[in-house]
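Both complexes shown next keep chain A, but they swap its partner, so chain B is in the first and chain C is in the second.
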Partner chain A sequence: MQQIPMHNNPQSDTAPLVKIRGLKTQFFTEDGIVKAVDDVDLDIHSNRTLCILGESGSGKSIMARSILRIVDNPGRIVEGSIHYRSADGREVDLAKERHGSRLLRDVRGQDISMIFQEPMSSLGPITKIGQQIVETIRLHRNVTKAEAKAEAIHLLDRVGIPRPAERFEAYPFELSGGMRQRAMIAMALSCQPRLLIADEPTTALDVTTQAQILDLIAELKQERQMGVMLITHDMGVVAEVAEDVAVMYSGKIVERGDVYSVFENPKHPYTKALLASAPRLGGIRRRRLPDIRELLPPGYMNNPANLSPDARLEGHKVAEIAPAEPKTHNEEDRILEVKNLNVHFPIGGGVFSKSTDVVKACDEISFDVYRGETFGIVGESGSGKTSLSRAIMRILDPTSGEVLFHRKAKPTVDLTQANKSELRDVWRDMRMVFQDPQSSLNPRLRVIDLVGQCLQKAESLGRRDLQARVSDLLVQAGLKTEFLLRYPGAFSGGQRQRLGIARALATNPELVIADEAVSALDVSIQAQMLNLLQDLQDEFDLTYLFITHDLSVVKHICDRVAVMYQGKIVELTTRDELFANPKHPYTKKLLAAVPNPDPRMRKAS
Partner chain B sequence: MKGFILRRILYMIPTLFLVSIVTFVIIQLPPGDYLDVLMTELGEAGVEDSSTMDALREQYGLGQPIYVQYFKWMKAILLHGDFGLSFEKNRPVTDLIWNRLGWTFGISIMTLLFIWITALPIGIYSAVRKYSAGDYIATFFGFIGLAVPNFLLALVMMYISFKYFGQSVGGLVSPEYLDAPWTWDKYVDLFKHIWMPIVVVGTSGAAALIRIMRANLLDELYRPYVVTARAKGMSEFQLLLRYPVRVALNPFVSTIGWILPTLVSGEIIVAVVMNLPTTGPLLLRALLVQDMYLAGSLILIVSMLTVVGTLISDLLLAWIDPRIRYQ
Partner chain C sequence: MTDTTQNLAPADAPEAPVVLGPWALIWRKFRKHKLAMFSLYIVGLIYLVAALGEFLAVQDPHKTSVRHTFQPPQGLHLFVKDEDGSTNFMLHAKGMKMELNTELRRRTFVEDESKIIPMGFFVKGHEYKLLGLVDSSTHFFGPKNPRDTVFIFGADRLGRDILSRVVVGTRVSMSIGLVGVAVSLVIGVILGGISGYYGGLADNLIQRLIEFIRSVPTIPLWMGLAAAIPLDWPPLRTYFVVTVIVSMIGWTSLAREVRGKFLSLRNEDFITAARLDGLSDWEIIMKHMVPSFSSHIIASLTLAVPLMILAETSLSFLGIGLQPPQVSWGTLLKEAQNIRSIIEAPWLLWSPGVAIVLAVLSLNFLGDGLRDAADPHAQ
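Take a look at the complex of A and B:
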């Protein structure tokens, strides 16, 4: 049996900054004990980046919070030690400290600081950004308010926030997502921490912003010689920044090592499956997105014996996925024609004055969608892609332009001119799947009514017929018929999005508009969802209009892609052309920003 | 922010105009007028003099159409600050109300302070120590405070303090000080009396606010930004006050808007029971005898103060919560 080295790096002879041994963090809930972190050993070194890789629910976040002792009730550390070695060489066991003790509070923010996933909700909503940084500085250092303010402005400048003195006075909601995360980093760095824990710091951000934030963290790590522990589910991010990697599953670390050995010579079957399922921008397009569960034998990860770093796959191989056959579409058979569509929003002006200017959310947009294809619209947030989808559906009234919808058995409609009753008819053939499965389903309706509502209105079905139809839809969406009478609250995020899809398909639509339909989902659930959408497309001859900011989603599902930038389509081409030969500088920038899940392909740093 | 304040002040003008119309219409709604009431009373006394009545009717303009009466009234208020004459007391309305409005205002502000001082710490404690014994006790007394009618509370408290502490009850000062000049002793005596109406009127408000504070704070306590503050190394007490409590504070500020009308119109019974020199009993009497200019003036001034109170609370809200300014 091969021994897996704890860390084989040049610094391994120096004592680690944080040494975790046998850590168990458990949640005492009404339904019993949940073992969120289950016997974890881990060393964190200064001046190195350790990535914790795992799906949501793997316990990686709780593990990180255990170090700072900020696990919310009813979570508790029940066993194990977390030895932190301070700058003067003394060691303290953070796991043994009393809650909120002086020592813990000194370590937090000063020696070890943390940044979080959602910078909007992680910053105090009604306190100025600058004030939040000043507060941190003055908690740990004996400086005057003026000195702290100067330092905070300097920090804001250091993390790349333009006009820092002005932004010092800004509230979180006045900044963009990327700027907020920069402010969060500035706050975390304000007391020169020796370890920075970053919990999914870029998951809520666009690819280009993600790249900037990752660069910034790497740069600051170099500059300050600090340790970085980065928690993520994204293989690309790991390959981009990690020196050491630990893979977590079900509260345990199943594999660890330096980034090259983990990526090139993974030992644990789960790591192999993870790597095989990582979306790659280059290479062939596969028929189906690999789903980790499908790559491993059924029930493999449910066996506790397979959760140790020494687990082997006996008699099995991690499955291979067949490449997709190229699809062709009849260019004469158009389902949607968008011609010179404009959506303008007035800005400026007050109660008594007229608006002074307009924002062109969509600026002379024209494109055709062919029947049976998947047409992608990519862009960062603020590029106008959501306004475009809403204007096509006429949820939003466009300023000018035409949207022609050609249907099989019904006359063509120009949606911009359609009246109420025409629209109601069109909305049966053109359906939408929304981004957020939490808030797009009415929590007070049972599944049968949620999915069947539009059906009942359209066809005035009796209760029994409705039940049969909705059952069929549920099965098609990969759900069970027992779910008919449940409320949405009883479902997981992935199941809810399946409900959203079932609802969209209820009226047998011809065109489905998916607005960031998989963006809020975990990677493995995202894969399941994309596979389901592809299966349904084949079965029901659907056409998809796919709106997303995620290029790996585009790569797997779209036939043709339009890239949107500042309200305009800057590039419209086939998917293969886009990835092989991007023309517009913005497309190139977008592609370059996507982290590649291969540490050897790292951008120069 | 300047634009926001200006806009809110401009919005007040049409509101006040509508309020004055509605006020006038309401006091005109009951059939008859003050002279009918007077005539009935005189008739009961055996006096019958319709020519005097007609002369009076002419003098007060009571026979004219309602809009003429309204414009006469408004013109006098806006140009001369003259709210008209109280029929019953035969004195200008302004003479009668300012003293009482002063008391009403004073008691309102003190009640507001009482509500804040009790509700804030108890509400925070209830949320932070959810389901603790203290929380249950606060909840229990909160519900009692909400459920017991204020006049009953007033009667019980008056009885207890009279029976067991031998204190004179009713009014704001003891009878011997009523017409005395303001001396130190009179102030002491005033404070011996005034806490009781404040507690009586403030209890239900405080109880409601404790519940609101608890619910609001519970929503905020588990937000990610609280974890961030904790990860910065702030002590629990510091971070509690600086983040979640600040966000949950909005309903406190809103109380300014509703405490004044509650005290003036809602607590009339308490004011009558406790014999308080506030506007409540005056308004009640004025409505009973259809003393329309007195009643109208009181309703108008109270409505105005409510609108101003709401404005102040809105401005304060915008000041403590920057998100509101930009909506």
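Take a look at the complex of A and C:
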């Protein structure tokens, strides 16, 4: 990779803030050495945003942690230098500093701050927000408590937390996810850092909140003239905020440059494939999503050493990406009717007191799903979409309402009234794909039992028949039959979700509810899963109820969409209508907040 | 760190690596815990002693002898001098002569240099049943002449061999831990499981019951229960009732732990998925939930065994647990209850004392090691 020319910063002719050369961070595990960061060269400049783009496992987080020297055991920096230029012009090599040295501690927090993906776990749960900020300020600056408090309130105000004096006394759990991330940023800013490292700062947040946080970071960068290193897997985020981009793959930086040249004229095949596979809101709907692994020449993904910058994309596969044909559905042939469904959760109340109020997770929800279509339910976290899916399946009991399930050969059932044995029967024809393939597969069971469990229960097959059936299912889901006796721990995220899909299809269901089934996956794997789901839909005449917060997924896979907001369906329409002509103000807001993977279409800010 | 290493693997490698099963991972982690590994060997050894018992006993633990009351421990020697002055190797003990010390008005024992008792391995001795099945009179170690007596750890007030009694008492003391823990396990898992899986009223009732039991001071409760055991019951039945009494308390902490695990597992996606697969509650509990926390249960059971052993010991020490002639470490300690025997025959205290400390410590270290190994978040 040494051939990639160093990017010359047109706007600042000063030396970079941080200069990384030949950095190698490796993990010495019992299964061998893992090269997490492999020979990385990188410059970070002040008053510029550098985005590190890469899939999970590409080593981007470890690289960022190496700068602050907070790589967990058994990881170690084995080679390379990290030259940091401090405010007075001196240069220190952070990679050579001893662990816990005075200098390192001063640099952390005072000069370089970091914010993490999950603010809840990075904030102390039992200390008030304000107190945590005051502590950080007083650790690095010689100020009185009162001054520190005033500064903390000012910071909270600056990061856009309303009523900061009041929130100073709040505990982290009293704040929403977005507020917590703001508080985290306030803390990171408390010592006026010269470089802010943000590790997936918005991945755990809703789109609307994400847009606000990104705006805030950009504003603060401008205001304080600091360098920002933003780590993300989201092309949209990069296009929205980056000035410089570095693309990481398998521990190496495969491409770097300013955002326009990378997006408009990518050189490396991996970057090209990544750009081609990014889901977009605009443009035509495509029949199949382009899949990085199909775009790249065979053998590339498995052996990163093969990734030479002058390889070509598989042209014919790009051409195959044809627009989708519009589907039509018979509106008389309904498979699911949800009528006035309510799910209420009581709040408050203990052993001796009645609950004081209810949260209406689902409030008078009614809709129909037609046979053969893909029905999408979109909403932010907390909008009640997961409660809705669970109430439909009767995983949790709805407060009132009807859920009628019309099957081909069996009588119609009202799930809200069904008894245990009826439910078991229904659950064979209505299956679920879970969000997190890691937690929905019991790590202690083998694949044959995980996938075959429902088959065994439904048809009480012998071991040999079961093996044959599960093998078929694995092949359908794009897995190998050799995987039968493995534990789920041996699979990657994408393969695990394939297992989840195989398991959902085991009993030949008519309706599949996919609850954020692709949200936890990398973009490239997401594309594979969506393609797989579509192929299976065509093959087995499936109906999907697709629950997601990701509008680009909706855009791609759904035929009709219901937008949920605070427990209610605020808009229900066809997909094309939704994107072309959103009616409800919330839908408009949601659509506007989605970052567009094109730096030329940046929102004015 | 396992998470990180997994994430660092190429995103969608076609060949999944062969990954060790959960138990193999626990074992790999456990092996690194040196102290726990060492304790594992000690515990293994102690249970071996418990199983073989009489075979390892030097003498008949029940044989009394007036001439040897409170005899101090005899040393073992390796070399003997022949008549012609040459030194030969022979494992032996020196005989002890009882003398009456008129000044102190008590009996003292002095080593009798002339009386040499040859010792050997696999010697004939008193009759017993090996593992309760095979008739045998061979002993691992003892005087070559079955009529000789050797007291390596000294003798008690009836002239019985302490070493043999400690060895034979191992069985009762160590097994009462196991049996007690087994009883707690059954009660704890069932009640804790009901409490955690169903929640609501059942949970409330069981938790209040546990709180009630735990709020009662242990020793008076045991005393009250033990006082109800008729004195004329056969030793075996007493033994059984004592284990039940001991586990009356033991199950409560286990039940709480199981409940906690059930509560956290109940909302796991894979449990919901299993429900959707049509499994019944019982199948979900047995196939999905219990295997997920069995390693934790094993660890907490290992930590519960020493508590049981201590409970039995304290009961027997107070004279309300096992009754003589049953030999256990607790009943042996009871012999060392008065000041006189501690001053005159301290071996009555330290022989069973060391055995108890050794067993309890090694079980605790073993349990700690298991717990650390079973916890995926521990470093």
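The rule is short, and it goes like this: the second predicted complex is superposed on the first by the 570 of 605 C-alpha atoms of A that agree within 3 Å, B and C clash if a C-alpha of one lies under 4 Å from a C-alpha of the other, contacts with A are read in each partner's own complex, and residues count from 1 in each chain.
The criterion applied here is as follows: a residue touches a chain if its C-beta (ideal position, glycine included) is under 8 Å from a C-beta of that chain, and two chains touch if they have at least 3 such contacts.
These figures come from a predicted structure and were not determined experimentally.
After superposition onto chain A, partners chain B and chain C are found to clash with each other.
Using the contact criterion defined above for the overlaid structures, shared-chain residue A:Glu55 touches chain C, although it does not reach chain B.
Comparing chain B with chain C, more residues of chain A are touched by C. Looking at the shared chain after the overlay, A:Asp72 reaches both chain B and chain C. Legend: residue contacts after superposition of the two complexes on their common chain; A:Gly124 is shown touching chain B, with no touch to chain C. Using the contact criterion defined above for the overlaid structures, shared-chain residue A:Asp397 touches neither chain B nor chain C, since it reaches no partner. Once the two complexes are overlaid on the shared chain, A:Glu332 sits clear of chain B and of chain C alike. Applying the stated contact rule after C-alpha superposition, one finds that A:Asp88 touches neither chain B nor chain C. Residue contacts after overlaying the shared chain place A:Ser113 against chain B, while chain C stays out of touching range. Once both structures are placed on chain A, chain A residues 72 are touched by chain B and, in the other complex, by chain C. Interface of chain A with chain B (complex): residues 65, 68, 70, 72, 100, 105-110, 113-114, 116, 118, 121-127, 135-136, 139-140, 171, 173, 184, 187, 350-351. For chain B in complex with chain A, the residues that touch the partner chain are 3, 7, 222-225, 227-236, 242-243, 246-247, 320-323, 326. Note for the complex: chain C touches chain A at residues 1-2, 4-14, 16-19, 21-22, 28, 268-270, 272-279, 287-288, 291-292, 379. Of all residues in chain A, only 27, 29-31, 34, 36, 55-59, 62, 72-75, 250-251, 293, 301-302, 304, 393, 395, 424, 427-428, 431-432, 434-436, 439-445, 453-454, 457-458, 483, 486-487, 489-495, 503, 522, 524-525, 528 touch chain C in the complex they form.
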